[in-house]
Structure formats: C-alpha cells, structure tokens
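So the structure is just underneath, and the comments pick up after that.
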Amino acid sequence: MASKTYTDRELMVTAAASEIEDSDTVFVGMRLPLIAFQVAVSTHAPNSMAVYESGVVRDSPADGFIHTMCDLPNLNRAVSTTGMIDIMSRLQRGDVDVGFLGGAEIDRYGNLNTTWVQGGEQEIRLPGSGGACDIACMADRTVLLMPHEPRRFVEEVNYVTSPGHSSDGSGRDTHPQAGGGPSALVTSKATFGFDDDGELYLRSLHPGVSESEVVADFPWEMNTAEDVDEGSVTTTAEPATAELELIRTFDPDGFWT
Amino acid sequence: MASKTYTDRELMVTAAASEIEDSDTVFVGMRLPLIAFQVAVSTHAPNSMAVYESGVVRDSPADGFIHTMCDLPNLNRAVSTTGMIDIMSRLQRGDVDVGFLGGAEIDRYGNLNTTWVQGGEQEIRLPGSGGACDIACMADRTVLLMPHEPRRFVEEVNYVTSPGHSSDGSGRDTHPQAGGGPSALVTSKATFGFDDDGELYLRSLHPGVSESEVVADFPWEMNTAEDVDEGSVTTTAEPATAELELIRTFDPDGFWT
Amino acid sequence: MRYYMTGEVETIEQAVSRIDSGSSIAAGLALEHSIPFAAGHELLRQGTDDLTMIGPISDLLFDQLIGGGAVSRVRAAWAGNVSAGTGYRFREAVENGTVDVEDHSNFSIALALKAGAMGVPYLPTKSLIGSDIFERSDLFLEESDPFGGDQLALVPAIEPDWTIVHAQRASPAGDAHLWGNMGITDPAVGAAENVLVTAEEIVDPDVIKSDPSRVGITRDKVTAVAECPFGAHPSPVAGYYNRDNEYYLEYSTQTKTQSAYDEWADEWVYGVSDREEYESLVERELGITEPTIAAEVQYGQ
Amino acid sequence: MRYYMTGEVETIEQAVSRIDSGSSIAAGLALEHSIPFAAGHELLRQGTDDLTMIGPISDLLFDQLIGGGAVSRVRAAWAGNVSAGTGYRFREAVENGTVDVEDHSNFSIALALKAGAMGVPYLPTKSLIGSDIFERSDLFLEESDPFGGDQLALVPAIEPDWTIVHAQRASPAGDAHLWGNMGITDPAVGAAENVLVTAEEIVDPDVIKSDPSRVGITRDKVTAVAECPFGAHPSPVAGYYNRDNEYYLEYSTQTKTQSAYDEWADEWVYGVSDREEYESLVERELGITEPTIAAEVQYGQ
C-alpha cells in the first residue's frame, strides 16, 4: 500500500468515471461524482453532458475547484443554468443515462439509506435524500459509491431513501419505478455489479485487495462474477497518469479525493 | 349619430377600460382589449398590470401600435416576457382579477361560442378557443365584448367554447369552475350585467340608443337593472376627450377601433 | 475550455428533409412571436404531407400548410389569421372534412406538452370542465381531486415527433439563446422526440456559454440546426425585426379560395428557392429602429 | 414611459419584521446558490420563532435557524452542511424531537411547490414509490395512472406563507433579475402567499425593463423588498461573489454542541447589528476576478 501512487478515493473516482459512456447524460451529485464527471468528459467521454439538480448543465470541466455544484466555476461557461423541474423532468422522461448515488447503508439489492441509521441504542439522523431518491427511481442506471466499511453493508437498510432492485428476483421488472436501477457499486476496495436477479456480485478487486477480505465484509454470502456467469473477477484498473493529473487539477488540495 | 365624435368601437373600448379597477391584474386578449388595457393603465388604473397568454407582463402602454400581443412594441420594456404556463398558472391559482372575452354567440348565462356556428344549412368553422376557455373557467371575473348583432344572441350556443354561469340559477356556485364567471357584457349598443342567478340584464344604454331597440335584439325577455334590483338603466359614459386621444395614439389608423 | 460540436449545421433544406411525411409537428409555440415560417415553407416545397400540426394558436403557419395539402390533422386551440381573423384554408379544410381537428384551449395544449416534457402521463387542471372542448372530446378525463377538493380535468401528454423552434441564435450543436415571450416553447421542446432549430444566427459556442441562463434549448434534444436569417417573417423576432402586419392582411384577401391560395403560394413558397430570394419579395421596412440594449450581466468566478 | 413604484424599499429589519412567528417559509431555493442568509440572521435577531422551514436542500441556513431555536418543523429533502456533511444543530434537534421533519426528495418538494404555483391540488410523479419517503409518509397518495400506465405518486401542493429569495438586482417594486442556476425558485415564488426579495442591488425600473426575459419575479407576488449587498454570504452569487468554502468548514467544527453554536452565533449573528458589520468579519477574498460578460441582447422595435 505504501507504494501506491494514488489514494483510495482517487481510484474510486476513476472507477466511477469509467462507468460513464461517451454521449451519456450524467446526473451528477455531490462529492466524488463532481470530480468523476470532469475526468470522464476530459478523457474517454468527451460528448457526455452533466446535469445537476440545481439546474446546471455542463459539457466541460469547471475551470477551478468546486465544493458544490453551485460554485461559480461550475456556473461559469455552463451550457445552461436552468431550474430543478427542468433537470428532474429530463430524469423523469427517461433522458438521463446514468446517475451517481452514495449511502450510509446498502443491502444486497442496492437499496440505499441516507436518512436514519442505528448507532447502538440511538437512531442517528442523517441529512436525507436530496435528489437521491429521484435519481434512484428514474435514472436509466445508477452507480453507487461508498467507502468500504462493513457496518454499511446490511441485510436490510434501516430506511429506504433510494430504492434499488426488487427482492423477489425480478430486478426492476416488477418494480414500481421507471428507471433501470443500480448497475454498479464502487467501494474503496472493489467494484460490484448487479446480476439478473438484481443482486450484488463482486466484479473486480482494487489492486492489492483479496477476494476473501472483501466478501468477509458482507453479512450475506456475496456472489462473484463467476457465480453469476459474468466472467471472472478482475482487477480494477489503476488510475492512469493522465487521470491522476486531471483529478489533482480538479481537486488540487485533495479535498474530495 | 352623425354628430358623434367617436366610433362605436371607441365607446366599447372606454366601457371595457372602465371595467378595469386600479391594481387589477388583467388578462388581456386580442383586439379591443389590447387598446382597453392601455387606456385604463394610462387613466384611472395606473397600478393595474396586464398579463398576456404569450408570456408578456406589462405595466404601461406599448410605445407604438400593436396588432398582436407579441408585436415588438409590446415586448419592449415589458415587466416580464415569460411563458404561457407561468401566465396560465397565475390564472389557475386565482391571481387574475379580470379577463376579456369575445364571442360569435352568447346565451343568457354568458356561455360563449367561438368554435362552430350554424350558417343556414352549413356549419361554419371559426378559429376556436385560444385561451378563452381558460380565462372563462378561471378568472375572478370576465368582461365580454361583442358587436351588437341579433344573430349573436341565442337561446343556446352551438358550442360552449367558454363557459358562463350555470343555467340552474346558481350563478357560479354549483359550477365546476374555479373563477367567478362573467360580470359584464359590452356591446356596440349597451352594457349588461349578470344578476345573482347568473343571467344577463341591461345595465346601461350607449348614448342615443333606446331600451326597446336593444331588448328586441334578444330571443329571450331581457331583464333590466330595475327588474333585478340593480338600480336603474343608465346611459353609458361617453369617451372623455383624453380617452379618445389615448385610443387614437394607441390605434392611430383606427385598425381595431 | 473545450467545446464539442456534436451537431453539424445544415442548410434548411437538409434539416427539413429529416422530417418524414406522417409526422406530428409542434410549431408556432411562442404564439405570434418568432413563428418558424421558413421551415414551414420548406416542408411545402419538399412535399412532406399527412402531417399532424400541434400548437396553441397557429396564426398563419397552419393555414399555409393546410392550403398546400400538407396537413391531415390539427391539435390546437386556435387556427386562423391573428390580424384578420379567419384562416380560409383552415376553415374550408375543416368544413370539408379533409383536415381533422382536435379542439384544445391554449392551456390544455400547454399542459399536454408539459406533461410530455415532464415525463408524466397527464397533468391536472381546473380549466376545461363545463366547456364543449371537454364535453365533446374523449381525450380528457374528469376526476374528483383525490385530496378532497373540486373536480379536475386531466390532460394527457402529447409527445410530438418534431418540435420546430426559430431561435435568435444557436451554437452549431443546437444550444440556443431565446428571448422575448416564450409561449409554450419550453414544454414543446421537452416533449418532442426531435427538435429542429432554425436560427437568425449560428454563433460560436462561446457566445452561448457567456450567458447560460439565456439558454432555452440544450443540444440533447436537438436533431437538426439550420441558420435561417429572416426565418420567422412575417412574424416578429425580438432584437431582429418587427411583425409585417400588412402581409397578414394581404394574405387574408389573397387566399379566400384554393385557387387564389395556389397563386399566392406560387409566388411566396414555390416561386422562391430559398429564404434569401424570399426576402427580396418583402418590400416593407421591418428593422429595429429603436433598439433597447439589455442591461449588462456578469458571470465569472 | 412611466413606472409605478407600487412597492417601497425597506431596510432588511423592516422587511423581515413582516414575517410573524409561526410562519412557513421557503428559502434556499437555488440550492447552494444565493441562499438568503442575511434574512435568516435577521429572523434570529428578531426572535421570530415556531417557523416551518421549506426547501430542497437547506445547506446551513436551516441548521443556523434551528440552532437559534427559531424552527419547529422542517419540510425538506436534505438538511446539513454541504461541504462538511452533517448539520449538527439539525441532527441534534431531530434526534431530540424538538424539530419535526417531513422527509421529501428534492423532486417531491419541487413538485409540491410547483403544484402550489400552478394552483392545482397535486402533481403526479414516477418518483417516490418504493422509497420510505413515500411508504412512511401519509402526505402522498398512490394511484394507478387513469390513462392506463403504471403506478404514480401524487404530491400535494405546498403553499408557503413566505418565500425568501436573494436576487442579484430588483426594482423598488420587486421585479427582479435573476441569473445563474434557479433550483426551485420559480415554483416557490409562485406558490407563496408573500415573497420577500433581498437584492444585491436595488436598481431603477429601467434596468429591469431593459431585459424582461431576465425577470424571475414580478411585483404582484412581492410583499417586501430590501437592498442587502453580500446578503447571501457564505453562499455564492453569480456575478457578485464566490462561495466562502472555509466558512462552511469552520462552522462545522464550531457548532458541534449547542453551547458552541451559541458562541458562534454571538459572534456572527447577535454580535453584528447589520450586514455591513457582518461583512467586516469576513476576511477571505471572494470577489469575481475572472468575469464573463454575457453576450449582448437587444429588444426594441
């Protein structure tokens, strides 16, 4: 680990960026996705467009560090600065290809909780959904980003802030929601896909991480790519030098990464 | 008639303008109301605001003749040039005090038809509602403007483009619509009110017009102000010199008037 | 700062040729402002027909397309000639049954497109009920407000195959600055499968990005972009030219019969090969002689 | 050209004094942009309490008002500190039950206010169902799409007593130019009984009327107008100043307990008599050093 030239979060950013395809419309939330979109549009996805629930639409990185989607560098030379109903309407009518979500807790079907968690005897109040529930319900696919901490992986989330797949094995088919549901989970140790039944499986291990240490962190028996006929578990690509340079340009003080 | 210093339509404009109260929000349609609002805001209703379904909001006359609400003089130095959903939302939430409507046919309850009329054997297609139906349904009150032609006054309109009052004597109470319904009709010979039952009655005669000639033009027995305890039939005020000057400034070639 | 021109600017001939016969088209969305007449005339020249025209008030655009035999159906609140009243080609076609009309109010067309733009099956309204627009139609539904209020009309979504917008200026990718009254431009753009943008000027993307709050259309909805100066004549375009009121009155007197219309169209539509030649037919001075410059606005960081 | 100044510009003290304890207030509507912090601090100084705060994400504004004991209820999608995550005053108040929370998603708050603005009892959405925001709430209804499609959630209207907007510039009557991202400003203005506009600059009505398409608020909704430069700090205002990111991080470390908050508030809220004095506390350079000037736009005739 000492010889790594990048941080866990930098790898999460490039892994998240690689989930953006060229020409995607990307619903960009706060924190790491702010950086991931900028990396993607600067590298393999030059025709992707970012939409932010505040009303911002961008086709290029901000020329300066952004704490939030509303920082002036993100508004300056945007394609459009419109309103939330406009952006959420794009989502609701099916025009958003991919959205990013985080969570304090996740279950095997990708249900996420960012509202209330149990901390010992006490319920701890978290900030809530923001636009996460809407993205989870309506984006064509979602990519989930979480620190790899065992307490976050639970059999049942305490509160479904952002719905994942159905638990009856039908994925999104019988789900009331319009969108396609979660397609990937990126943690600080590995990436995961969702199989045809809508259940998580291990897709790739970040460099230096073992399969056994990853699967041990889940309270259920985590499937692997082999188990669900999705090839074999691979090693997550390390950030390329050019990507790291971009990350460090977009986040010069490593505030997010 | 030869000695009149104004045209019938000029009198209709000032009579319509007098239906606008100061601080009213006025939903201004095409033709005569375009001029009437400009007269009102220039005289007794300086704090009135006009909203036009195209999205224009104005607090002052246009500095030039306008054929339509979208002519550039009506956009230039407007208070706002927004969209129809914004304007119609003001109407739907009850923020429009008065709207103007015209019609090819009217019945005693103020139902208006601007869609299909019967011309002998043939049905004649008219342009349709535009925003008239919406104004009729939702404005706090409406003022109706029509040339005084007997064929326009009918027991039952051929098509209810713009709903008036209920025919069961309840006015708007049992009416499905949110607005208050018609409050006045201005023709080229007289002005009419609507009584508590929602039925037309003669309110004032334009100068030189007799009551008998007016009531004879209706296929039903037209009530007068006396009949419905609304005072007596008066004489419509002639346009003041200042009003005529304004009308001829706003419509210099007499295109609408 | 990098720009991606995902679109390519086409001639209006190329752009309009993307529209197939049988399409549904929303146009004339800013009401009497900036009506895409150039695109309409190009549809006529290309013989695109069996069209369903969608709009609030159509002003002359729908009448001209109907006169040229391009239209089989109209979904609108008002069709005619705003200056003169009657649109004779519309009236005759409807009375003869050659064009089918779905009657709307301005708000019901607005809500239908807004529902499409929002991606919901319908929007509720307090308008319509009590009118024959509602009573004689099987398009709308009535419901009791499920939260306990009064009766509501439900207006189902309309999703046009194409929405045509004439913009003041657009980037080659289709991001467009619009100003002046908007009518139902925004809902119609959102609801459409494809958008054709004709613009007074195609400008560098830098111009558009200098003022992102002025952007009314973003490229993701835009299928075709064509530069088309004078493309809205005889309707007005804020900042570019005034309405040609005389044209409307002349059109009215010149199109009372089909053969009169055909003569009119031979001169104004089929007799010109492009908008430049068309412009040479217009004698009146319509330019902006008393400009108002918008107060400066700054972004930056 | 005549103007009617129906409104009178007030000091922010006068303007905020119009808001009664017990009111519901929508604020923070452009998300992290142009949050009306000056008005919020004035509410605290005046001791206005028992407030219901309504917004999509509240950023620090709601946390500060909660810390000052002004809030009894929050109807929002997210409440915290966008830079640091947790809003400790919010969290503690909710865990202790002193503030009641109605959980929303950003879109459900947007639709609730949009329904209010449109004057309809509800708007339908494809979002929400399947989440506990929906399942654990008795606010929303579920229905089968009456046109035959899938299940929909119905979001009932919210009509705040007050909406507070910090604008770049406004006329004395309350007509305001807004630019930069809008969030749900427009629906919240439309839905409100009263609107309080604080503005970086009060300008001559001529300035506003030079660009009517830039107008985001018209006077008919506006009850009070106050000039308030720097009124959104620490949030950014397009064209005026950048976000003060450090302030957010410092606030987070300085408000983990109620007594720590009280100390913070003594300095930043109760220790200053007006915004000018407040501004003197801010050391960081937040001005626009790389301006982008919006491309010229013309109206006229």
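Chains here go by letter, A, B, C and D, matching the order in which they are written, and residues are numbered from 1 within each.
Definition applied: contacts are C-beta pairs under 8 Å (C-beta built on N, C-alpha and C of every residue); 3 or more make two chains touch, one makes a residue touch a chain.
If you're wondering where the values come from, they're calculated on a predicted model, not measured in any experiment.
The chains in contact with chain B as well as with chain D are C. Of the two chain pairs shown, B-C and A-C, the one joined by more C-beta contacts is B-C. Chain D has its Cα centroid 28 Å from the Cα centroid of chain A. Averaged C-alpha coordinates put the centre of chain A at 40 Å from the centre of chain C. Centroids of chain C and chain D (each the mean of its C-alpha atoms) stand 36 Å apart.
For chain C, residues touching at least two other chains, in rising order: 119-120, 125-126, 179-180, 182, 186, 208, 210, 213, 238, 242, 288, 290, 292, 299-301. Multi-chain contact residues of chain B (touching two or more other chains): 56, 71-72, 75-77, 81-82, 85, 91-92, 178.
Chain contact topology: the protein chains form a pattern that is neither a line, a ring, a star nor a complete graph.
This structure has the following touching chain pairs: A-C, A-D, B-C, B-D, C-D.
The part of chain D that touches chain A in the complex is made up of residues 30-33, 56-57, 76-80, 82-83, 85-87, 90-91, 94-95, 101, 103-108, 110-111, 114, 125-133, 135-136, 150-151, 179-187, 235-236, 238, 242-243, 245, 248, 288, 290, 292.
Of all residues in chain A, those touching chain D in their complex are 30, 52-56, 63, 67-72, 75-77, 81-85, 88, 91-92, 115, 122-134, 136-138, 159-163, 175-178. Across the interface of their complex, chain D is touched by residues 23, 25, 46-47, 49, 56-57, 59-60, 63-64, 71-73, 75-82, 85-86, 89-95, 178 of chain B.
Residues 119-126, 141, 143, 145-147, 149, 152, 154, 156, 168, 177-180, 182, 203, 207-208, 210-211, 213-214, 238-239, 242, 288-301 of chain D are the ones touching chain C in the complex. Against chain A, the residues of chain C that register as touching in their complex are 1-4, 6, 116-120, 175, 186, 190, 208-210, 212-213, 215, 218-220, 299-301.
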